């Protein structure tokens, strides 16, 4: 069974990034994958100091172990200043090849303004660096404050269909690349 | 008088990134600029939660005020996984146009392995996004563990000359673009 | 007097890229700059073979000489497949530091679909490489087929204002950085 | 059987890019793939004008047909000014989703100076745009003029091993993603 870990790089209480991650997770679960969401708002992670050991922060190990056992990842980031959030990058900095290499990754970005690919491009370069696979399908949700309805669904049907294809690609290609059922 | 703020995106005690920043600062001061170093290791900054107010963290205001009053910045980052450190990105996330727009920026990256421009390119996109100017001269120090001598100077003369030109460009062009003495 | 050279990286007869370049040129001229447009549709340029000499193609010299004598450039590219057009990149490949270094550059991209910064980011990296300055203000015109009115003006007022600011920044900062009147 | 098409984005007679492509092709063939090299030096391709039809240039069709029938691609580019060669980008501009979507791509760059990932990153963004898969393994050959021995082999053993892994990844993952033998 395909195991996916979902991480959203936002610490906001009412976060569109978590909402988008949630929508992606629903779709991926419907396709038969097992998903664990690591909610950075509920984890106590330190800033990465370049070292390997964070004995006072057991959540570092939890992050590392969950990601290590996964086949794939959904990484959702708010785009801050044309880039990945520092929060998400820091979580990635706390891991390395051991956890991330060979994983199949779907990337989502959420923007306050117009849609753009800046943070998705950066995620692609970063995840490549640790030899992960980032699927070609990617999601950028612009003007996030008006993108969702009251039930948290995407108002734009085209975008919603893109998210469907994103989920299918992530699950199917994780199966192919990882050889899991 | 040109005011420069220097920020290194590493929290390591013995950090090559801080060492590189120090070398750049020396050169920039020798050219008549006034430099303030904001040492993130000695500041207590929170993870950015997308909000504007961090009343429990007075260092956020200190960061914002210092950068706001500066004409230029030296941003030095360790390259983690082909990207800017989360630590540095998070510090930038805590600021916005008010502090960063129109600033003249020199970017430096420090790598454990071979030299590369990944994090410099990302910094360029991010700083452009807040309408800062990033000077064309940029410094990537590869294999940092063997790049410095015991006194903290660069062993590679060519790289050292690049750093000279970097400093000259930063000070001269900050003068031109900001109209300061 | 500020001298600007404008180049559009499209060979289409009815090209939105040339239209956008034209609008930028009008604004830049109104601010007192002298502009020469090099129309690649009317020039006979070879594919760059990595060499320096193209005796059978006098337009290579013409391209090089015009750019060499300019203070600044407006580079407008259609975004093909998330990148600069090969046509524009090839024209840039036919030049080098001698022509491009130190120039102040404004970058514009034209897209058939949604606006995005992919080709602008690439132009920024490429022009930095030859030590040119790319101004922070940049223009991406999405869904170009419905962006212009019959007289060739931009229908979106916000975008038109962005182009105003783009032109002001290009001319003013070329003056500052190049020390020309 | 896995079908791979190799394209080198250099028109130089004695080209290191073609040499690097040749080394990659040898390895990929040894792993059981069928390879066709499309030598742009021997093809007569026009500059892309944004249109679909180039009746005077039958090589456009040849390029399109060969790539369309392939499962994977090796794209090798000289890095000119921190970017893909215009020659290679123009060849890609002459194709689209029909030819490129779903293909598995290995990317190689050749540099006169120090190794860097600028053109590889651009290729990754461009190929993602047409929904191709770019494998995480990538090759940058710096200071190409001293990288090869008289027989055209790589002098640096580590780099040669990287190329081995690149070839294995390309063939194995093309098999997995395309479901071919």
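Going in written order, the chains are labelled A, B, C and D, and every chain counts its residues from 1.
Heads up, the rule we're going with is that a residue touches a chain if its C-beta (ideal position, glycine included) is under 8 Å from a C-beta of that chain, and two chains touch if they have at least 3 such contacts.
All values derive from a computational prediction rather than experimental measurement.
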Comparison of C-D and B-C by number of C-beta pairs in contact, larger one: C-D
From chain C, the most remote chain by mean C-alpha position: A
Centre-of-Cα separation between chain C and chain A, whole angstrom: 36
CA centroid of chain B to CA centroid of chain C, Å: 30
Where chain A touches two or more other chains, by residue: 82, 117-118, 121, 125, 128
Residues of chain D that touch chain C when the two form their complex: 10-12, 15, 47-51, 78, 80-93, 96, 100, 118, 122, 125-126, 128-130
Touching residues (chain side chain C, partner chain B) in the complex: 117, 121, 124-125, 128, 131-138, 173, 176-177, 179
Chain B residues within the chain D interface of the complex: 82, 114-118, 121
